[in-house]
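Which chain is which? They are A, B and C, in the order written, and residues in each are numbered from 1.
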Amino acid sequence: MRIETLSEGEIGRQASGRLSVGTRGQGFIEITDAVADWVSGTGIRSGLLTIFCRHTSASLLIQENADPDVRRDLLTAFDRLAPRTAAYVHTTEGPDDMPAHIRTVLSGVSLSIPVAESRMTLGTWQGIYLAEHRDRPHRRDLIFHLIGA
Amino acid sequence: MRIETLSEGEIGRQASGRLSVGTRGQGFIEITDAVADWVSGTGIRSGLLTIFCRHTSASLLIQENADPDVRRDLLTAFDRLAPRTAAYVHTTEGPDDMPAHIRTVLSGVSLSIPVAESRMTLGTWQGIYLAEHRDRPHRRDLIFHLIGA
Amino acid sequence: MRIETLSEGEIGRQASGRLSVGTRGQGFIEITDAVADWVSGTGIRSGLLTIFCRHTSASLLIQENADPDVRRDLLTAFDRLAPRTAAYVHTTEGPDDMPAHIRTVLSGVSLSIPVAESRMTLGTWQGIYLAEHRDRPHRRDLIFHLIGA
């Protein structure tokens, strides 16, 4: 088992960006195309992209972008892993709030993706999704950071 | 859906740091202020911060820093997701060890947070926590890496 | 609580690599040694390593590398967290596919690990694993990115 070196070089640049997404309640919003456009627009051809979600009840994840049923089953899975009906202490913000916090911890708020030839090195079936875990629509802020050359 | 570029510039510096935290058994220890102080002290104004937990039964997570009941419910959720009472094969280190490993996998050991104007780009309610998943007190080592300009 | 600075310095280099791993169905494949070799071979002595898994039914995780029973119990835990027998809508790719997607979301596809003195700053018991969540053997692509000096 031996890792093959693809490229070596100098670096010296960074760029940062922001995306504000209006959600429509629980569900997934694909942001892959917007991220791809921004990455190629920075002029940084190779490096490291980081995406960060500034919330505690919305998260970031990479999943299959082909069959929408995958996201439907993921929602059901989150419901089972962090059910609304559990006996929570923190209930002041509604019955959907604490499950949303737990689902955010399980799926995470930061993603790191290497960039090569001005493109993210995503696999064929990988899409990047903002996951809204609250019932009501929210405005969600994502921060992007790209470092490289 | 279009990402707005916030900044572009050169980079050329990095800094690394270490924090040793004494835990008091299962629970969350907030490290946000210590991290914020270190980031601003490095003199690196914009870039990328990475935090890494060097353990397999303690993890790092970002969650609400307002109501302490959120952390209480998170502990209960971890108990349900990785119960102490399941039929584990690996029991030599005690009944709390294998659940601690599973909870660590579910919450993760690395965090990546963009930095702008000498501050982490955390959202209003986001706090950074070291999660101790073992029953007894432990000494936990965290490594910090900041790259930027 | 105060973070101790370990090092400060300039950066200017990056390297990227690729590893193709043939899996033999559900289970964990340790890649720690291959990663350590590649990192030291790049000549970059301090910086940040990122590992990215280009799949939606295989993931990356850090866990104990001592007792193999830990990985056995982890498999059982994944089976309980995302059971094959749940009522999934997405079933066209077989009964192991949707659970594999859920397990990938729960464990994640990217890892960030600081590097110092040409070595990853892993803890004593930490090993890096590719987790195959499908029943049948697959070829899995991992991308590596190292930035530093």
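In this section, a residue touches a chain if its C-beta (ideal position, glycine included) is under 8 Å from a C-beta of that chain, and two chains touch if they have at least 3 such contacts.
Remember, predicted model here, so these are calculated numbers, not experimental data.
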{"item": "Inter-copy rotation, subunit A to subunit B, in degrees (Cα atoms; steps of 5)", "value": "120"}
{"item": "Self-contact between copies subunit B and subunit C, residue sets same or different by half", "value": "different"}
{"item": "Centroid distance [mean C-alpha coordinates] between subunit C and subunit B, Å", "value": "18"}
{"item": "Interface hub residues of subunit B, defined as touching at least two other chains", "value": "11-12, 48, 81, 106, 108, 111-112, 147"}
{"item": "Interfacial residue positions of subunit B with respect to subunit A in the complex", "value": "1-12, 46-48, 61-64, 67, 69-70, 72-74, 76-77, 80-81, 106-108, 111-114, 116, 121-123, 125-126, 147-149"}
{"item": "Partner subunit C, residues of subunit B touching it in the complex", "value": "11-19, 21, 31, 33-35, 37-38, 41-42, 48, 50, 52, 54-56, 81-82, 86, 88-90, 92, 98, 101-102, 104-106, 108-112, 141, 143-145, 147"}
